[in-house]
Structure formats: C-alpha cells, structure tokens
Amino acid sequence: MNRLQVALRQVALLVVALVVGGLFIVLAGYNPFAVYGELLAGAGFNLVLAIIPGNPAGISTNIAAGNLFATINVWGPLILLGLSAALPFRAGLFNVGSQGQYWFGAILGVQLGITIGSNGGLLAAFLGAIVGGAVCGAIAGALKALRGANEVVTTIMINWLVVYTGHFLYGYAGPFANPVTQQPVSVPFPEGMRLPELLKSGITLHAGILVALVAVAVFGVLMSRTGFGFSVRTLGSNRHAAHYAGMPTKRLTVLVMGIGGAFAGLAGFVEITGTTGQITGSNIVGSSSFAFAGIAVALLGRNSAVGVLLAALLFAALQSGSRFLSGSFPPELASSLSGVLQAVIVFLIGANSLFSYLGGLNGIAARLPIRKTQGAVE
Amino acid sequence: MFSALPTVPLLSLTGITKRFGNLVANSDVSLDVRPGEIHALLGENGAGKSTLMNIAAGYARADEGRIEVRGVPQEFRLPADAIAAGIGMVHQHFHLVDRLTVAENIVLNDEPGSAVLIDYKAANGEVRDLSERMGLPVDPKALVADISVAMQQRVEILKTLYRKADVLLLDEPTAVLAPAEVRDLLTVIRSLADSGVGIVLITHKLDEATLVADRLSVLRSGEIVARFDRGDASPAELAQEMVGREIHTVVARPHAVGATVLSVTDLEVDDSRGVPALRGVSFEVGESEIVGIAGVDGNGQAELVGVLAGLVTPNSGRATVAGEPLAFEHPRSIARQGVAHVPADRRKYGLVADFTLADNFALRGYYTAPFSKRGFLQRGVIDSLCAENMAHYGVKARGVDALAKELSGGNQQKLILAREMFTSPRLLLASQPTRGLDVGSIETVHGRLLKHRDEGCGILLVSFELDEILALSTRVVVLFEGRVVLDRPRSEVSREILGAAMTGAVAA
Amino acid sequence: MRHLTRSTVTVAVGVLIGVVILVFVTNGSGLAPAAILVSTLAIATPLLLAAMGGLISERAGVVNIGLEGMMIVGALAGFLISNATGSWVAGVAGGAIAAGLLALVHAFVSIVLNADQVISGTAVNLLGLFGTEYVFRTFFGLGSELPAIQRAPTLAFPGLGSLNIITIVAVVAVPVLAFVMFRTPVGLRLRSVGENPLAAQTVAIHVVKLRFAAVILSGVLAGIGGAYLSVGSLGSFSEGMTNGRGFIALAAVIVGRWNPFGALAACLLFAVVSALGNGFQVSAGISADLTAGMPYLLTLIAIVVFRESASAPASLGKPLR
C-alpha cells in the first residue's frame, strides 16, 4: 500500500467514526450536522470562511482567531501525548502511562520552577518535566526489561499512584497546596516565567506549540535517520531479529519508555506553564482520558511524525471546540463525545482489516484459523 | 500402468487443481489409496505435496476436482469434515498441546465420561490399550512437553487412530527422526497398512519410499509426472523424475585445514525449561574447515549455536575464537570477533519481514561505518552496498526497496548469507542453511559455503540432513543428548556409522 | 494433577499472608478482625468477578485488557435498569448483558478481524469510560440529584456480619470455574484453544465459537462485577467509579498464574490491604489519598515479584492467522 492509499484509508476511517459519533448525537436528541458544524466553529476553523471576499458568513475574525488560538494551545500537548505513545508503539510497547508521566513531569517541573524563581525558573520547569516524565516511563520500561512485567498493567498502576499522590500533594492542607489561599491548588506559576506569548486575540496563543513542533521534528529525524530509530523499529517489528542482530533490547526498552515519558512530561509542562498556570488537585483526578488520548492520536497518525501532527489537530479541535459551543449541544456531552470518537477510531484501527472484510464476506472460510497451506510458498 | 485391484479406493482425489494467485500449486492431480496399501507421494520442496494433502484433509479447498471416500463424493469445508470421513493427517509440524498430557491430547474433543465430567481413568486406559494394540507404546499421563519428538509423533498418529481414521496422511514423517527411529516408524506403518488402513506417505527421501511403498507417485511443479508400482523404479530414476533434470551432487574436494578458529571446551548449557541441553561439549573448527554437527533435532544443536552466537547463556565452559575468549551473551561483540551466523529459523531471527531488503542488509552493521556515521544512517551507502551484494549472491528481487517477506525462501537465505559474509568473518555458524529450500537454491548455498571455506573461513554446519553433512563436511561431530558421541574426519565415517551414533549406539 | 497441588499451595500462601497481616495489624489497633474480613470480601467482590472473567478469556487465548471498560458499562447499565425497573435482579442482569455486548464487539474485532487484542481492549476501555459518561450525562446532566435504586440484598452470617448476595456469588464462582476448567470436557477444550488453536482445530474443535463464548462470558462476569459497585454496594453511580479495578483484576489473573485459586488469592490480598487502609484511614487519620493508592502499589509490586511466567497460555494474544 502506498502512502496515498494509507492516508485515504485513515480518512475513510475517520468518516466512519464521525458517522458513529453522529449516531450518539442523534440518540441524545440532537442534530449531528449542527453539532459538528458548531464544533468546527468553536475550534476556530471557521476562520477560513472569513477569508472569502466580503465575509458572506459574517464571521467575527477576532472571535474565530481567538478560538483557533485556543485550539492550537490544546494541539501542542496533544501532539506531545501522541508522541509519548507513538515512540513506544514503534518499539512494540504499549505506553498507557501518559497520564502519570504527564503529572509527574508537571509536578516536578512546576515545583522546581517555582523554587528556582524568575532566574531560569522556566528552563528548570522544562527540564524538570522532561526528567519527571522520563523517570516515570523508564520505571515501567525497566520492569518490562528486567522482570517481564506487562507494561499495560504497570503503566496503569503507576498512573493511579501518581494521581493519588498528586491529589494528596495538592489536596486540602497538602504539602504543595497553596498555603496562602488554603485552596487545593498549587501556588500559581509566576506570570513573568510563563511560556512566551506569540499572538493574542482575546485568547493568547503561547509558545507551547513550538515546543511540540520541535519535539515532532526530533521524533521524525530520530526514527527515520538514526541508528537508534533503526533499532527501535527492528525491536517493534521483530524482537527476535533485534536480539539476533545484537541490539541492546533491554536498554532500548527502558530508553524508549523513558523518552515516551519525557514527551508526556513535556505535555504537562506546556499545559501548566502555558495555559492553566497552576496545578489543581481535581484536574489530576479528572485526567484519566490523557493516557488514552495519546494512544488514539498515535494510532490514527500511524505513529508517524506527520500523522501525529494531523491526528492531534483533529482531537484538539474536538476538545477545544466543545468548550465554545453556542448552546445547541450541552458542552459536558461534547467533551464525552470526543472521547467516544477516540474509542471508535481505536476500534477501527484495531480492526484495520474491516474494510477488506466488508468487501469479501464470502471469504470467511479463508479467515478461519487454518494453517496456511504450504507447498505453494517458496 | 496400475495393477487393477478390485477394491474401491478408501480415498480418491480426481483432477485436483489449486491456485494461489498466479501460482498453480496443484494442476489436475489425481491420486488414490486403497485399504492395506502404502502410497508414497514424492516430490521436492514446493512441488505441491503438502497442498494436495491439506486439500484431502480439509485444511484447504480445491479450486477444481473431486474428493471421494469409499466411492462417495465428499465436500470438506473443515478438517472436522475430513476427520468424520475417516481421514487423519499427521503434519510435519505437530499440532499438539504441550501442556496437556498424552491422553488429554489424544481424547481431546472426544473425551470419555459425561458431558460435565471427564473420566480420566477411562481416558488413560483407552489410550494405553490403543497404543499397545497398534504397536505405538506411549505413557498416557506424561506431559507432551516432556516427551521426545518420536514419542510426540506417536501421539499424533494415535490421535487419528483414536478417531477411527482408516486413511492416514503422513507429511514428511521421517524428517524429524533418527535413522533407527525411522526404521521403527516404517515398520509400524507397514503393520498399520496390513491391518487395513490406507496410508499416503509424503516424502522426498527416495530410499524410504522405495523400501516401504506399494505404489509411488511423483509430483513436480504441481503435476503428477510419473507413477510406479513397487519395484518398478530405481531411486535414480525417481530422483530424475522429481527434479526433472540431472542432479549435480556437490562433492567437497580435499583441502588443507589451517589454524584453529573456534575452540569449544566443556560447554554446559540448559535449555529454556532449565533441563541440561549440553553436558560438557568440546570440539574445534579450523580455518578452511567445515565441521558438520549431525544429530536428531533436540540433542543440543540449537543451544550450541545459540551460545556461540551470544543468544543463550552457558552455565559453564569456555569458547575461544582465534585464541580470544568468546564474548558470551553479547551477539554484537561476537560479531566483531569475526563470527557470522545464519540462523536456523530465518523468518523468526534472520530477517525482519516488514523491512526492506536494504534495511535487512544493514540489520547487523547499522550502527557503525559504513552503514552509519555519528549515529546517522547513510541511506545511499546502505542501498548501493545492498544492491551490489544482492547481485553478487544472485538474490532475485525487484530492488533494494522490496520487502523481505516478498522474497522466496531461497532468495531470503541468499540475502542473509550475503549480509553475514559482508564483513568477511573468520567463522560462520550455519544452522540448517538449506532447510525448506528448492533444489536450485540448495545448490547455490552449498556452492557458496564451499567457496567461503576455500577462502579460509571456518564453518560450523548444523544440519538434520545426513546427506548434507556427508557432502560438505571436513569433520563430522555427532551430538546425542547433549554430548559429543563421535568426532572424526569425514573420510572415516559412513552413513551407517553416523546413524548409529545419532541414536547413542556408539561411544566417542 | 500438578495444577491442583500448585494452586493449593498458592491459596494456602495467600490466605496465610492475609491472616498474618490481619492478626498482626488488627492486634491492638482497635480494628475488629470480623469487620475487616467482611470488608475484604466486599472489596474483593468486583475484583474477583472481573478476574474470573479475564481468566476465562485469557485461557482461551484472547487478551482482555478491556475488563475495566466492561465493568463500568456493567455499573451504569445496572444502575439505569435497576432504576427503570425497580428490580436489582433486572439491574444486575442488565449490567451483565450490556457488558457482554461490549465484549462481543471485542470478540468480533479480535477473533474475526484478527485485530491486535491490546488495541481492541484499549478501545473497549475508551468506549466504556466515555460512552458511560456520555449516556449518564444525557440522562442526568452534571451534578444533579440521583434517584435511589433498589440494592442487592445482604445475607447475615452470625458472628461475622452481613455479606452481599453478589459477594457470595463471586466467592462460589471460583471453585466452580476451577472445576469447569480442569475437570470437564469444555474446560479441556477451552485450555487447548488457548494453548494451541491449530491442535484444537485438527480435532474438530470450533476455535472461533469457543473463543467468542469465552470472551462474551468474560464480559458478563466483568459486567456483574461492575453492577455490584452500583447496584450491590453503593446504590448509586458515578463517572469512572471502577477506578482501575479492571486492571487490578487483570493483574490478579497474571499474578495468580491463570489459575482460579491463584487469582482468588491475589484478589484477596489486594482487598485486605484496601480494607486495612480504609480501617486505618478512620482509626489513625491517614490521608485517604495515600490509603487509596495502596492497592495500586501492591499490584505493581505483585506483578514485579510474581514475574509473568511460562504459565501464560501459549497462544495468548496471538491472532489466529
């Protein structure tokens, strides 16, 4: 299959997912076309329409641009979460630990940044987030490499541990909670140390997207041009061959999970120092979608750099658009809907033979678990 | 051509044609087997024997043709249909559940007892009775994982007999056995036939076929090219029919052996289940020497090669390459010491099926010059080196961008050989280098091995094919139950001596 | 019957550890052993049901990391149907059926379409998490008062306390499953399908059918486990209320070496630690967050200590082709 066919198939898959999502909207008693339209507008994608001479749709460019900035601000962390799943996927590892890596990185980074203060605080937060996320991921990698522990189970358990620890740290009277306000949130990350602003139109576009774009570029070069990427791909395609060829498979497993964790930690860094400005205990608890969002982005993007960019943009639009709905669809439903769409997309990707299956139902016999007849091959 | 027997055939296949895409695996093939008869189906790898038998046993469906059992037309959609019609197949690779007992494997899906409770006592008893009656004694309570390959084969045969099969399709049943075990099996097959069972024996070993078969059919490129009755054809004639041309048997010319390349001393290794696989193995390989390791599968060959290639951890013992201690457990360091490795399972270890040929060519050396510089892959260099070496070794493919899985087995093996010899190693570990290849590829691979030997490379050749060992080796070492039971120059061994040694009948 | 002797040892060790912890910790801390035992069984109930489900599926060779999603679907369906019908039985049955249907999708995708079973299971979890959220919010919005539903009844055991009827079902399910798995024809066939589907096929076992049945049954059991949370113990529903229990159950299957008694021992161990944590939270004033984290930490430790061994079904997770 060439690249165009692959891309077309991913688009077809997306359309199917949107149709299934449409059914959910209909079942809740709303009009799917209106809802999808509003989601796109809420994400600021209607800005394109404003370029049409005379602006016949009557788009407010200010609002649309602001909405688009909000979408891009979500896009950055989603790209990074996507990478946190995509790199391990390339090595045949399933990183469901993005949630824990995100928060462990965010907590380490934010606390470090606040402690160091205006002189290098942002850089400290950046490095702290990378280290925090990497440690969190590398632990799961090491348990896999040394003890054969199933990384799906270990990363999920680490997620819960980080979540409860974080909730404790930023809980009422928690050690890291704001001592002044007595609220279950961190001290605000100082204004002067936040990620720089790029543009502003009601909503500020911050430099988080640049961090994400650099990360994607690094990922792309790493995978396609370096010996490290070559060994990761070998490990993912045939770990026996990787062992045979003398690749350091155990070290690679730790490294790959560590780098994946670092990407997730960076996502936390970007979100806190760019958008929210502080860590909230309740946000930590309500973040179980993070781990899966990264997996959905990576799978839809086929674990490639460009694919992750595009897939993350789609989910960013759904997520951000749902916050600016103009009233025809309850926003709390919209946020669940984007999760449902992720679920459907992951199902369809898992079942990537679905299309050929539908095209050949009479071939069921050929699908039965019979050993391929030998003799013809070779 | 046939002697007309009055009996209706137990199984008859008429005009069977089977295509895979453009490839015709069977073309208008007809074959039958009568009660009490052994019908040998001969042909080289890829001739279409297994395809035909899979069709007869319900594992595949023919595009054209008829299957009749005792004169009644059949339509086999699943193996279950064939079993119900009394046809039992024993595959080359056994289909047994390792972690169940012998009896459990045999009675599976037809268990004695009620629908809610298996009567284990009855199961064990029935299996013991059946096995003794058929001359195939087994221990019903043993775990399949714990018994020998020959025993496992008995279990497979008993499985079909327990289901009242009266036609037995045996796919290369002797390939996994030692010569003595082969004789036992052929005796059992004969007595089964005498009790009225019809047997189709698939094989590419001519001596066995001529020894035991009542009739022989030769399959070449999917077509039946010759049929003989017992005694009508000599092995030479059969060989000619099988291959369709004169066969060039390589004969290793005498040559001088140089200094010691590999020296192995008192090597002890456990297998993956913790059972001793090598119990103090010592031998040497010299420059320009091919040392053939003969033995029945499972006597420590896999572990020996595994240790020398750095994939398996030894318990104790030493190995040196050109006088330098071998870097156990470090495949990459071992490769740097000048040891190359053609693995037995090329699809599992030797290649990454979804990678391009260029990437597969770089699989070993990707991290270092000339394949890579400062951590960055040199794509152009990799592509041109790959193309150059593919041409040199006669790998046929549409280009270096082709995927490894698109290649035939022979071309895959040539690519692996090209990659492994790229660094001009001083020692080559060649494990089953020609298994499953067609005759042409076998000739190429053999020719290459001899050429590398002449250029000074020491070669450790592991093979289950005695002919291959005898044709190529300078020295022959026989492994039996993890010990070296024979280590002699090629000129001092014969097929008979090796055969005896492989069953442990001769002391070193 | 080496599997029985080994599992007996596992159970004995598990129970012994549990008792030692119980005696050691309750001694002088003011926690009543009987109360801790009842609380342990209550906490273990959903874990046990899901673990038995996971065990059946995995023994048949299909990885089921979707237990969590199936549980939450069972919890919501149980709540909604119990609310609509006024009957806890209907609620639990509804939870079982809804989760069974979700499992059917997993079965179809993994068995017929030969999908990567971990990816399919991830999709199950996503759909469970967000699908229940979506449906729940469609009915009740955010933060509205929930109706009271009929809860599954409890039975009193003199000298011990009262146990939920679903708890009793869960405990009984373990020996029943062990019997079916190791003594009956269907159990033997199920195991053969998970170990070597080709071998099963050669003796005319319908691999696809058996795997479908196993995966659906695993969903049904996980669904009952989820319904226990809503209909059995709480009489209410909240988003994400399964809190990773499906994954702990999966870990219990692995740690228990794919043996029902082993999984029982693992579930009891996780549960007793939770129960003690809850007890201490009250008696000693330890942060709820830290005690809530204990079972996850314990699971992590257990999965590292009892390394995933050769006892995994040989064809686990391998698509048929």
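Remarks
Each chain gets a letter, A, B and C, in the order it is written, and its residues are counted from 1.
Here is the rule we go by: a residue touches a chain if its C-beta (ideal position, glycine included) is under 8 Å from a C-beta of that chain, and two chains touch if they have at least 3 such contacts.
To keep track of the chains, here are their UniProt names: B = ABC transporter ATP-binding protein; C = ABC transporter permease.
All values derive from a computational prediction rather than experimental measurement.
Distance between Cα centroids is largest for the pairing of chain C with B.
For the criterion of most C-beta pairs in contact, the winning chain pair is A-C. With each centre defined as the average position of its C-alpha atoms, the distance from chain A to chain B rounds to 47 Å. If you average the CA atoms of chain B and of chain C, the two centres end up 45 Å from each other. Annotation: 29 Å between the Cα-based centres of chain A and chain C. Shared contact sites, meaning residues of chain C that touch two or more other chains, fall at 198, 201.
Looking at chain B, one finds that residues 78-79, 91 touch two or more other chains. In chain A, 368, 370-371 are the positions where the chain touches two or more neighbouring chains simultaneously. Considering their complex, residues 18, 20, 23, 25, 45-52, 54-55, 59-61, 77-79, 91, 309-311, 330-335, 341, 343, 348-355, 359, 362-364, 366-367, 372, 375-377, 408-410, 436-438 of chain B touch chain A. Residues 24, 27-29, 94, 96, 143, 147-150, 152-154, 156-161, 164-165, 167-168, 171, 288-289, 292, 295-296, 299, 330, 332-333, 336-340, 342-344, 346-347, 349-354, 357, 364, 367-372 of chain A are the ones touching chain C in the complex. Taken in their complex, chain C has these residues touching chain B: 183-185, 188-189, 191-192, 195-196, 198-205, 310, 314. Only residues 78-80, 83-84, 89, 91, 95-100, 104-105, 108-111, 113, 115-118, 159, 163, 273 of chain B touch chain C when the two sit together in their complex.
Partner chain A is touched in their complex by these residues of chain C: 65, 105, 109-110, 112-116, 118-120, 122-123, 125-127, 129-131, 133-134, 137-138, 141-142, 197-198, 201, 207-208, 240, 243-244, 247-248, 250-251, 254, 287, 289-290, 292-293, 296-297, 299-300, 303-304, 307-308, 320-321.
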